[in-house]
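First subunit A sits with subunit B, and in the next complex the same chain sits with subunit C.
This part shows the complex of A and B:
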């Protein structure tokens, strides 16, 4: 039954546009897909290895800017642009990860947070400092408007399904076991012959590729990006809380968390941003202190007890 | 040359304040192994205490410093006592997700109550300075610098000489042994947090006298505090002074010769190099996780 659930949901979502819904619903579903993708990607590194990344939005921003610059300045088509976004994010992550992944716990968290903030500042100030026009600083970049909502609906659906499937397969093979071993006891894993450094940096780069591609789609979808929007630390906060809320380190936990919290954001966040963020802080505390395994964890625990 | 020396002086004056609030961060980390992500919010609490007392009752900012100390210290104590003590034995990941949650709560409560406006404390002596040749030294910032450096030094002396300070150091060096000799660990933790927060609140009060303050100001300060203590050595209080002065000077030089907007980017690049090359800090006395 449970195995059939994922293909069934996917099929329904694929056929949904046949109903010819209003544009609003596609936009909302696309937003939910985007967050499912981001939370799942974040969870792949941080949930599986226990290295909490506070700078994931850095790769989102890099993805956004790579696609925007390639499409507007180099005239590249959409699909190669988002692929390039992914590759660029992955390469940056390869470099950042090689150094930051040596750090344990909170050192890693703050080093990545600082990375994202620095990336944001560089994009913001680069043009003004060196007197050229490349990132366009705080003006932001406007992309061409080309497609209707269903195009993005399908793009997000396909990419996000691929991301969730990738996490699903990693969860069940040697790669995933190595990551979980790192989370449980990194030094013992190393002693047992797991090349922890290789796995950590690889998974960090894979996460960055996913987030970078999603960033690229986001840029074309929104048609206008600026450093303060796409590098906002709030995006990282969302990824963390969605994953924690649903169940960190599981495959479908972040998916559930993303659906619930994107809807909450749609309803409350648009009007009462501060109240919403305050609520997120409280949820974070409650989840961390009382439900460290998230709501999925709560469900599976209950089943286990029966 | 004058420009360079002026930038150097400005940097050192700022660096003293960095040192004061980073020493609180370093203390909390050194004793409890907690990276306090809501550290910047403690600065914000201290700064707003000064701001409101000045705006509503017209009390001089330097006279309200004890109240900034009290408000931030109380915030730190309450949070430690009722929230962080629950997770202090859990893996470090849990404790810093916790401090992250508190960061969200404090920053957004402040936004709800005080709105996102930028505010300043402008006194009669703001901007008044004396000249040394072609250099200008603002008096308020010089006083701020002295208070900040004395605070950092005082914290160091307290930890070295006072009975409670020794208990705090004992708890940070060996938790089990400290328990065996009769130190109440939870009490020491709450005290440490309150002490670290109080020093930070004092720095917040000082910051309000010459920087713009707003509810969301916290996070950049937290990042700077982290850079400062990594540079000077995590958990090593005199390191915070050295690190603070270094970062202050580097930022001031960046602002003078490049743009002020790049200061965090430069600070981060420095942090990155230090983490990779000398994780114990430039003085080699920090704690490495």
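This part shows the complex of A and C:
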């Protein structure tokens, strides 16, 4: 039955716009999809290999800006623009990953955090430094308004489904076993013939491609982006919290975490921001102390009970 | 024919010379024992051969080619692997999956091909009864077997065993020695680091003694054990 759940949910979501709901619901669902995608992409690197990335928002920002600049300044259509966002993020990640993935534990976290902050500062100060108009600094970039909410609803749905499916297949394949072996014992993985560096950098780049594409869609969806917004560290923190909440290193944990926390944010956060943040803190403490493998961990633990 | 040749190997950790100018050969199909007091450089030597550390001097030749500059996974694919003294299984994977990883990556085969080959290795090492348990859920002797199972999975011709028999009871020790002899029959070459002299004398055909990073003796186990320098540095008393 659990096998049928994913296609069933997907089918319902695909047919949902037939109900002709109000725009608000599409926006809410699109937000949830975006976070499912971001949390799943973050989890693919950090959850599976144990390298906790604190700079994932860097690729989100790169994706946002690549699409915004290509669409407004080069007149490129939307789909090639988000593809370019993904490719650019992936290339940057190849470079960043090759250097940061040598570091372990907190050092990797700090290096990636520094990368995201540096990217944000470059976008902020580039124009002023070189006296040109490219990133538009803190003014931000305004994109054309062209599409209805259902367009973004479907775009997010398709892209996010592909992301979750990718994680699903990686989890079951040789590639996934390499990542899990790296997480558990990197030296043992090498001794067993795993080219740890190759797999670490590859998965980091795949994650960046996913986050970059989502960033590109985000820019066109919001129609206005600024560096402080799309490079905000709070986005990385949200990815981490959602993945932790649902269960890191699992396929559907981050999906569940993103759904629950996005909904909580939408329902409680809009009216009672501080209550929401307080609640989030308490939930997270409970999860970390009592459910170190997240809520999904409760289900999968049964598999191994004697 | 020499499978492995170690030539003038050096390794320093800061001011400490962990290994200085160690040379020896390992013949194809033999069981070589390495003994010596704690801190003599046995584990360091293994880490250098397996590629976990890089030597500060000297060279390593495997099947005639230098491997000193290769990363561990390349050395593994070339045909050398190591079991660790402190067992390091992939904890959240099952016993079977641990062996699966070694098969897939050590031999560079697909998951489907590897799936069919786990059973034989698990049976040989008598851990097939726990194949679906997490490696955290099995006893220490079985975890040591799992380390060995992973080594076999990689298909390596030369297996470096770092105190794989430590902490076993007499019956388990006897079984462990039988496994080592059986591995030799199957064409594996083994280098064994061990403190249990009963095991060393029982399986090894040749011995090397390390002390303070230097090779102080080499030869037939009985000759080595009656060497005065070896008795002084390590054994403490005449055992044979």
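The rule is short, and it goes like this: the second predicted complex is superposed on the first by the 285 of 306 C-alpha atoms of A that agree within 3 Å, B and C clash if a C-alpha of one lies under 4 Å from a C-alpha of the other, contacts with A are read in each partner's own complex, and residues count from 1 in each chain.
Going forward, a contact is a pair of C-beta atoms (placed from the backbone, for glycine too) under 8 Å apart; a residue touches a chain by one contact, two chains touch by 3 or more.
No experiment lies behind these values; they were computed from the predicted model shown.
Colleague: Specify the partner with more touching residues on subunit A, choosing between subunit B and subunit C.
Modeller: Per-residue touch count on subunit A favours B.
Colleague: Counting only touches as set out at the top, which of subunit B and subunit C does A:206 meet: first, second, both, neither?
Modeller: Neither: A:206 stays clear of subunit B and subunit C.
Colleague: Let me test your reading of the model: by the given contact rule, A:32 touches which partner, first (subunit B), second (subunit C), both or neither?
Modeller: Neither partner.
Colleague: Check the residue A:44 against both partner chains and state whether it touches subunit B (first), subunit C (second), both, or neither.
Modeller: Neither subunit B nor subunit C is touched by A:44.
Colleague: Figure out whether A:160 sits in contact with subunit B (first) or subunit C (second), or with both, or with neither.
Modeller: Touch partners of A:160: none, neither subunit B nor subunit C.
Colleague: Once chain A of both complexes is superposed, is A:288 in touch with subunit B (first), subunit C (second), both, or neither?
Modeller: So A:288 only meets subunit B here.
Colleague: Answer with first, second, both or neither: which of subunit B and subunit C does A:106 touch in the superposed model?
Modeller: Touch status of A:106: first partner only.
Colleague: Provide the residue numbers of subunit C that touch subunit A in the complex, in ascending order.
Modeller: Counting only subunit C, the residues touching subunit A are 50-52, 71-74, 76-77, 81-82, 84, 88-93, 97, 100-102, 104-108, 110-111, 133-134, 137, 150, 153-154.
Colleague: Please output the residues of subunit B touching subunit A within their complex, sorted ascending.
Modeller: For this pair, the touching residues of subunit B are 34-35, 37, 83, 86-87, 91-94, 96-98, 100-105, 107-109, 111-112, 219-220, 222-223, 226-227, 230, 258-259, 261-262, 264-265, 267-269, 271-272, 275-276, 279, 289.
Colleague: For the complex, give me every residue of subunit A touching subunit C.
Modeller: Against subunit C, subunit A makes touches at 173-174, 177-178, 180-181, 183-185, 187-197, 249, 304, 306.
Colleague: Using the touch definition from the top, list the residues of subunit A that touch subunit B in their complex.
Modeller: Touching subunit B: residues 50, 52, 54, 99-100, 102-107, 109-111, 113-115, 117-118, 121-122, 124-125, 128-129, 233, 237, 240, 244, 274-275, 277-278, 280-282, 284-285, 288-289, 292 of subunit A.
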